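Below: a set of structures, written as structure tokens.
In what follows, chain A forms one complex with chain B and a second complex with chain C.
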Partner chain A sequence: MKLKKYLTLTRAGIIEALQFRLSFLVMVVGNMLYLIVVYFLWKAIYASAGTDVVNGMTFTDTLIYLVLATALFNFMEMYTVWEIGRNIQSGKIVLDLLKPMEYRKYLFWSYSGSFVTQFFLTFLPTFIAVAFVTHGAIHMGLNLLYFVISVVLAVSINYSIDFLVGTICLYTESIWGINIMKQVIVLLLSGATIPLAFFPEPLKTIVGYLPFQSIYNAPLSILLDSAPQPHTLLVTLGTQLLWCVVMIILSKLFWKASLKQITVNGG
Partner chain B sequence: MKRKGFIFYLRIYCKILAQDLKSKMSYRADFIISTIGMIFTNISGFVSFWILFRNFPSINGWSYYEMLFLYGFSLVSLTPVQCFFDNNWSLRQNVYSGDFIKYCFRPINMFFYYQSEVFDIKGLGQLAFGIGTLIYSWAKIGLAFTPLMLLKMIVFLLTASLIMIALQNAAAATCFWIQNSFYVLDLAFRFRDYAKYPVTIFSPIFRFIFTFVMPIAFIAYYPSLVILRPHEIPLLSWLSPVIGILFFWASYKIWMHGAMKYSGTGS
Partner chain C sequence: MSEIIKIKNVIKEFKVLNRREGLKGSLKDLFSRDYKIVRAVDNISMNIEQGEIVGYLGPNGAGKSTTIKMMTGVLEPTSGEILVDGNIPYQNRTKNAQKIGVVFGQRSQLWWALPLVESFKLLKDIYQIPDAEYDGMLKLYQSLVDIGPLLHKAVRQMSLGQRTLSDILAAFLHNPKIVFLDEPTIGLDVSMKAKIRTLIHALNKEKKTTVILTTHDMGDVDALCQRIVIIDKGKMLYDNDIEHLKGFFGSYRTLKIRVEGDLKAQADIIRREVPDFSVSADDEWISVLVDEDKNKVIDVLGLLQKTHKIRDMQLEEISTEEVIKKIYEEGVQ
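The block that comes next holds the complex of A and B.
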């Protein structure tokens, strides 16, 4: 019966998300417009390069990579930092802490409903559109399964990082600044802005040792690799799993230590 | 009611500005962190630009320094919207909660009063960054420097900034009709990033869209041509100040139309 209480939160989340149907439409339209812009921009870039393959990536690879990175961002972004920050400022966090569930889990599961809706309403349409535009350049095989596993791990890593950063708000009471810093760092160093393959050498190695590349670069490289070596696959997923565990432990410990800090003004 | 003059509004603006700065100063940590966050945003934008040009020396006949010029131009022309019109982001909460009604009862222009309430100092960092980029690329391209060019530059920068202000006003004003305008606003905000690329990379249809429907090409591309390619200036470049003013006026009308029909929430 343990799972039931979590799934209730998921259900509530789905119902809540469906209240804002228009926003999904705007988001899908936005993603399509983004697809178009990225398409033309990189087409021009590749046309100026003179070669078809740059750093091991073709134009279609880059297109799929970048558009799906944005779709994944929409799917994974839970505005956790905002939520925690706002709850601290308004004092609502006291009520959440009293709930018979760990705050970390409560927050995650109350958002899980939007994962479901986001997946079907924004990620899937974008995915289909990209597959259509690139004339089936996405290999449809086992790599899809690995991709899904990789995305699940990525969601967990992303959430842990968000939660970790959100905890900082307990000390600073600054939301916007903390959130923008996190977002900028994650998006740049995870490859969501420019594929990691394009990074110059020392930077690429450094980024490889950071947890961020496990969020976007890992699942997307798995998806683009139509004939993966078992070795590479294992290393990618293994690294993700490692970061997943490390970040969960870190964010839990930090939250536990920080909870003593909390001061709530009214509520 | 007698029409209030420019001096009157300027005096009021300074008074409101002083109050806003005072209230911001009481959250010093937040201010410092936000400023650092803004610097992060600019650095990451520049880093991704730099990585891109390490792989591709030119895009569509535009060299690195010319693109840098466009980049700096877009940064500077996007500063006013950041500094003076940031309150647009809170419009939907104000409308939703009913707080917006307080603006309806003041004997001054509603649009003016609403926007004057927030001045975002963080934008000044972006301004400094943009001006630095502009001067650096100006010197590297080897453009001449005459008072006339400086004058042209200032006029075109100011009018280019009106475009983004207009887009944001119109996007924010949608909340008078639809409940959650965040996605519309976010969409308009995301397109700002593409203002720094030459519009010639797009196909004719999208060139038309980005020129007349979503006029992001007027944020940097058309006005920069006046400075960068003085021998082949298209008519649209000369028209860009007019178009800036036109779009601003239209967005003001939309905003006011929405505000005038606002009936409050009854609380």
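The block that comes next holds the complex of A and C.
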């Protein structure tokens, strides 16, 4: 009964997403264009490097990584910051706050439906296509299970960060700049745009201490590691779990403190 | 009857940044600490009983929405006490949310891409409404309004009237003890207004739901409210039953006319011609407030027609604004 309260939002999200058939098409085309750009960009980078292996990654490795990172981005990006910002500006947040449910949870579960659709409609096809095209460059084994666990944790961390940034909108009452800043920081430092292996050593160390790499780098490296050591696995998942808990607590506390600030000017 | 809402000496203040003019001013504002305190609600007290329909009136910016937001728990009062069904709303917002329903004028709480029935199902799960109760409610709705054709229509394809109707139904769905309706009939045509009034009335009767209604439409008030609370500039001006107020303004009509020439100048002339009446003018109309107990509208019109060429005229009930103005000017006996 308790869970149903949330799953019903997931269900509605799925139905809602399916109402907009055309947007899927647009998104698929948009992704293709992006991937074509990525393909030629990295081809040029490898050509100019003169070697087959750059920073321990072959061209195929890099490409698989980036294609999957894009696919992962498509279903993990929840546009939470936009949503919170828009709701604040329009005042709709008042109605959401008046649901007998925590706003944080309400928003998450409202979006969870689009996870499910995006997972099946963009991530899974991309994944299968990549696996097919590269003839088994992706190891199919227990790593898939670890990958799923890792993605679940990544989703949670990503949401917490988004929610945290979205909360800032309560103070600024504007969204655009904050959202762009968040997106650039997260995508860069998480290894979604450039594999972390390409980062210079000092930056790599710093990034290692930040939560962002747990979002894209962690699940992807688990997926692409054909012979994972129990130790590495434990460290990666452990770090993710730690960040997951820390970020949930942080975003909750910040939201609670910020809610007091809500003035939502009447009218 | 038990008191469901208790409000005692409630004050709400907002901190507003003093904005300066121009680009230079805007730049300065970025670093400004120059705030002023605006008192939106100033020492309001009232008790509302279970099953009442209370009309909460006041001009724009009077503090109506602020009061309602405090009762729903979205805003915390600066000082004073609010108890809604024994709860302090802002401390137990989630618990309070289960007991109240809201319709905020232009905004919809419905999922606009989905058919109405899906929104209802969502609300059923979110509010954890038992099956039997939900079915009963739908039956009741069906008997009150013809919701059949609405149920399977996506909310975004609805007309404003249909959407408002749906929003009201959604607000009552979990059988809340209190429903707040913030200008529910705004922008609707006459027949839809009537439909919505009948609906609210019936739901109040059937479910003993307390309804707090803010509106600018005296028609809403006449049709629904037994009791009226008027506030202006955050202060409470009036809290009594409608009969009392009706005795006060009921016989007043606003005669609006359009004459040839500059309206403001013509209004001055009319003011001299009929010194006993309150005359005002805006860009379109000259309004004359007529007390029908003393003078017939038709006589006033006849008088004016002798000296002016009247191109157009309207007869209206006294508006909330005018009621408030009169209360201000003369006080309530």
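Basically, the second predicted complex is superposed on the first by the 266 of 267 C-alpha atoms of A that agree within 3 Å, B and C clash if a C-alpha of one lies under 4 Å from a C-alpha of the other, contacts with A are read in each partner's own complex, and residues count from 1 in each chain.
Going forward, a residue touches a chain if its C-beta (ideal position, glycine included) is under 8 Å from a C-beta of that chain, and two chains touch if they have at least 3 such contacts.
These numbers come from a predicted model, not from an experiment.
Novice: With both structures placed on chain A, which of the two partners, chain B or chain C, ends up touching more residues of chain A?
Specialist: B
Novice: Contacts for A:Leu241 in the overlay, against chain B (first) and chain C (second): which applies, first, second, both or neither?
Specialist: neither
Novice: When the two structures are overlaid on chain A, which partner does A:Lys43 contact: first (chain B), second (chain C), both, or neither?
Specialist: The first partner, chain B, only.
Novice: Answer with first, second, both or neither: which of chain B and chain C does A:Met32 touch in the superposed model?
Specialist: Once the two structures are laid over each other on A, A:Met32 reaches no partner at all.
Novice: For A:Ala131, decide between first (touching chain B), second (touching chain C), both and neither.
Specialist: A:Ala131: touches no partner chain.
Novice: Residues on chain A in contact with chain B in one complex and with chain C in the other?
Specialist: 20
Novice: For the complex, give me every residue of chain C touching chain A.
Specialist: 14, 40, 60-61, 63-66, 69, 72-76, 93-95, 97-98, 100, 102, 104, 107, 109, 111, 113-114, 118, 121-122, 125-128, 154
Novice: For a test of understanding, state which residues of chain A touch chain B in their complex under the given definition.
Specialist: The contact residues of chain A facing chain B are 20, 22-23, 26-27, 29-30, 33-34, 36-37, 40-41, 43-45, 47-49, 54-55, 172-174, 176-181, 184-185, 187-188, 193-194, 198-200, 203.
Novice: Which residues of chain B touch chain A once you look at their complex with the stated criterion?
Specialist: 27, 29-30, 32-38, 40-41, 44, 47-48, 51-52, 54-61, 178-180, 182-184, 186-187, 190-191, 194, 197, 201-203, 206
Novice: Which residues of chain A touch chain C once you look at their complex with the stated criterion?
Specialist: Chain A reaches chain C through residues 1, 4-5, 7-9, 12, 15-16, 19-20, 90-92, 94-95, 97-102, 260, 262-267.
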